[in-house]
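Presented sequentially are two complexes of chain A, the first with chain B as partner and the second with chain C.
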Partner chain A sequence: MNRIAAQLSRRREAGQGAFCPYVCAGDPDLAFTERLVEELGRSGADSIELGVPFSDPIADGPVLQAATQRALAGGVTLKRVLRMVGNLRNSCDVPIALMSYFNPIHCHGVKRLVDEAVRAGIDGFIVPDLPPESAGELIAAARARDACTIFFIAPTTMPGRIKVIDEAATGFLYCLSVTGITGARKTLPAELLRSLKALKKKTDTPLIVGFGVSTPEQVRRMCSVADGVIVGSALTTFIQKHAASGPDVMIRKAGEYCRRLARAAHGR
Partner chain B sequence: MQSSMNKVPDQRGCFGEFGGSFVPETLITALTELENAYEKARRDKAFRRELAYYLKHYVGRPTPLYFAERLTRLLGGAKIYLKREDLAHTGAHKINNATGQVLLARRMGKKRIVAETGAGQHGVATATACAMFGIECVIYMGTEDTVRQALNVFRMQQLGADVREVTTGSRTLKDAINESMRDWLTNVRTTHFVLGSVAGSHPYPMMVRDFQSVIGREARPQILKAEGRLPDLLVACVGGGSNALGLF
Partner chain C sequence: MDESGRMIGVAAGGRGIRPGQHAARFAGGGIGILHGSRSYLLQDEDGQIQLTHSVSAGLDYAGVGPEHSWLREIGRVEYTYALDSEALDAFSLLSRTEGIIPALESAHAVAHVAKIAPDMTKKNIIIVNLSGRGDKDVQTVAKILEASTKGRRKKP
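Presenting the complex of A and B:
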């Protein structure tokens, strides 16, 4: 069984939420990312969303734009990210979903990318600017390799589309907490929990909430209804705060942060 | 040409292997609404009449087709005619599309407009159309461009637009588009994004093409009247492609 699906179903059976941190690959370099993913895997992360840096990240807020810029400045490419994942798999078994805008995937060739990524050890694909209607090739290639294709439900998604998205999605549905871009929010919209409950009645696919989630309290609230959360900008900001202390401290601090939010998600 | 142009885009918004829809899920509903509203508007006589009215009385159309006598003599070959889009209000063809899209946004009940601009012409045109119809207007422009084209920043501000400098990435048009998209993603329920190029997600390329097609629709009878025949060659410069597609 696919690693992402297996881990999420374990959490669901145990009545627990899943914690899925987002990491921008190559921020500030790939050696750091490799250690970071390993550390997060050891620190209770249920699945990692590994972002491929891209010059035009339209769905990302200032924090992840800056992370992307740092990674691009270091010359990180899709190919190098996959090579890093391949290395990482010698020692680390945490489920990993590859997040990339469609442009780099399109340039690489969709099927070729899926084949190479799965061979390297990627378990699923998240492409924020690829609606399911345009994702036929990706879905076919991923199915053939037992990899997940993860699609989004936005607050603006019309009820009639949910079925189309759900049928294309495997692993989980990425539920956007807000209209807008990535980045921590002090408060999440009040209607969010209600719409998650409504969504839950329509599908068995796990629901993972992302965008804007940053505090243990928010994680607990989301996990009271959803199957888990994705935290990206807040983790990146936290790691960056310790940049002056060097990579070892940054990795250790990231692990502590991860354990704290994972505990909130797992309800312990 | 005419007939093959009318067959694209297909149902998925594709022009052959190009086009289509590659945007975050948050925008899908807005794009569907936009497509439906546009389909309805373009079949609505009242909308077409309204647009024609403003293009004539406000934009100053039709623009002349001018025989460039000395240039023709200098080059010594073909007779050269210039379609004088520079004589449209605000000094460029951009206003054709901006007027159309802002009218459409008003019809859709949108209270706010965002737009990207490079050199500033599309920003000035959008700010002008917004001022005309009393709609809030935010223009994103790369820092590099606000310095290079300070006069256009001034014009947009005079027209009541909020010009926001974009300091990310290469600080030019591409980053201004990204920032406009982020604003639109965040405020999608109240805001319309006036894209000026034949770019972006369906239905934009189709809509920009249609609003700019007034250039070609005027030029054809004008050249027939002047020369009694169609030209051997059409030449258009391509930046975002909107004037070229409007002529062809």
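Presenting the complex of A and C:
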């Protein structure tokens, strides 16, 4: 069974939420990312969303844009990210979903990318600027390799379209908490829990909430309805705060942060 | 659509066709996907979008409307480009000779007319599409002209 699907179903059966941190690959370099993902995997992360830096990250807020810029300045490319994942798989088994905007994938060749990524150890694909209606090639290639294709449900998604998105989605549905870009929010919309409950009645696909989630309290609230959360900007900001202390401290602190939020998600 | 007329599209050559210095998507661009459409894009070999430059803000973008890519692929429209300096000269030329201030975008087309018209006969008809008015651009142009006049004074 696919690693992402297996892990999320284990959490669901145990009545627990899943904690899925987002990491921008190559921020500030790929050697750091390799160690970071390993540490997060050891620290209770259920699945990692690994972002491929892109010049025009339309869904990302200032924190992740800056992370992207640091990674691109270091010359990170899709190919190098996959090579790093290949190395990582010698020592780390945490499920990984590759997040990339579509142009680098299109440029590489969709099928070729999926084949190479899965061979490297990627378990699923998140392509924020590729709607399911246009994702036929990606879906076919991923299905053939038992990899997940993860699509988004936004607060503005029309009810009629939810079915289309759900049929294309495997692994989980990425539920946007807000109509906006990534980045920690002090408060999340009040109607979010209600719409997640409504969505849950329509699908068995796990619901993972992302964008804006940052505190253990928010994680607990989201996991009371949804199957889990994705936290990206808040983790990146936290790691960056320790940048002056060097990579060893940054990795250790990231692990502590991950354990705290994972505990909140797992309800312990 | 009438298919007898020759059609020419004039893109933004900026400071010349070098990465980051222009926005002429058919000169150096490849097929890519950005902002929801598949078209010619200025990108590197990894699919990262390149920076662009044009004196005209409206042309300073890495992609081109997919309609243009189509018209080019079926051979209906030929595409070329004009440099910033040529567009600025055309901006002044049309303003002085016709009293019409063209938008800096449209000034690229006027620049191309000035290049090809001398080789045509009086019988030939040229239609230039002034897609926008240049009132919005006078401050931009004034700044550039001012800077270039000052530059000239410094180096007599």
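The definition used in the following text is that the second predicted complex is superposed on the first by the 268 of 268 C-alpha atoms of A that agree within 3 Å, B and C clash if a C-alpha of one lies under 4 Å from a C-alpha of the other, contacts with A are read in each partner's own complex, and residues count from 1 in each chain.
We adopt the following convention: a contact is a pair of C-beta atoms (placed from the backbone, for glycine too) under 8 Å apart; a residue touches a chain by one contact, two chains touch by 3 or more.
Please read all numbers here as calculations on a predicted model, not as lab measurements.
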Check: Clash or fit: what happens to chain B and chain C when chain A is overlaid?
Finding: clash
Next item on the list: Identify the partner contact of A:254: answer first if only chain B is touched, second if only chain C is, both if each is, neither if none is.
Entry: neither
Margin query: With both complexes superposed on chain A, which partner does A:105 reach: first (chain B), second (chain C), both or neither?
Written below: second
Note to self: Between chain B and chain C, which one contacts more residues of chain A in the superposed model?
What the structure shows: B
Notebook entry, point to check: Where does A:23 make contact in the superposed view: on chain B (first), on chain C (second), on both, or on neither?
Noted result: neither
Next item on the list: Using the touch definition from the top, say if A:264 reaches chain B (first), chain C (second), both or neither.
Entry: neither
Next item on the list: For A:77, select first, second, both or neither according to whether it touches chain B, chain C, the two together, or no partner.
Entry: second
Note to self: In the overlaid three-chain picture, which partner chain does A:153 touch, first (chain B) or second (chain C), both, or neither?
What the structure shows: first
Note to self: Quick check on the superposed pair: does A:54 touch chain B, chain C, both, or neither? Answer first, second, both or neither.
What the structure shows: second
Item checked: Partner chain in contact with A:129 - chain B first, chain C second, else both or neither -> both
Margin query: When the complexes are fitted on the C-alpha atoms of A, one of 74-82, 128-136 or 182-190 in chain B overlaps chain C. Which is it?
Written below: 74-82
Check: Where on chain A do the contacts with chain B and the contacts with chain C coincide?
Finding: 55-56, 58, 102, 129
Check: Which residues of chain A touch chain C in their complex?
Finding: 54-56, 58, 72, 77-79, 102-108, 129
Check: Which chain A residues qualify as touching chain B in the complex?
Finding: 55-59, 61, 65, 69, 102, 128-131, 133-134, 151-158, 161, 165, 176, 179-181
Checklist line | chain C residues touching chain A - in the complex, by the definition given at the top | finding: 32-36, 38, 41, 43, 45-50
Checklist line | Interfacial residue positions of chain B with respect to chain A in the complex | finding: 12, 20-30, 32, 168-169, 174-175, 178, 181-182, 185-189
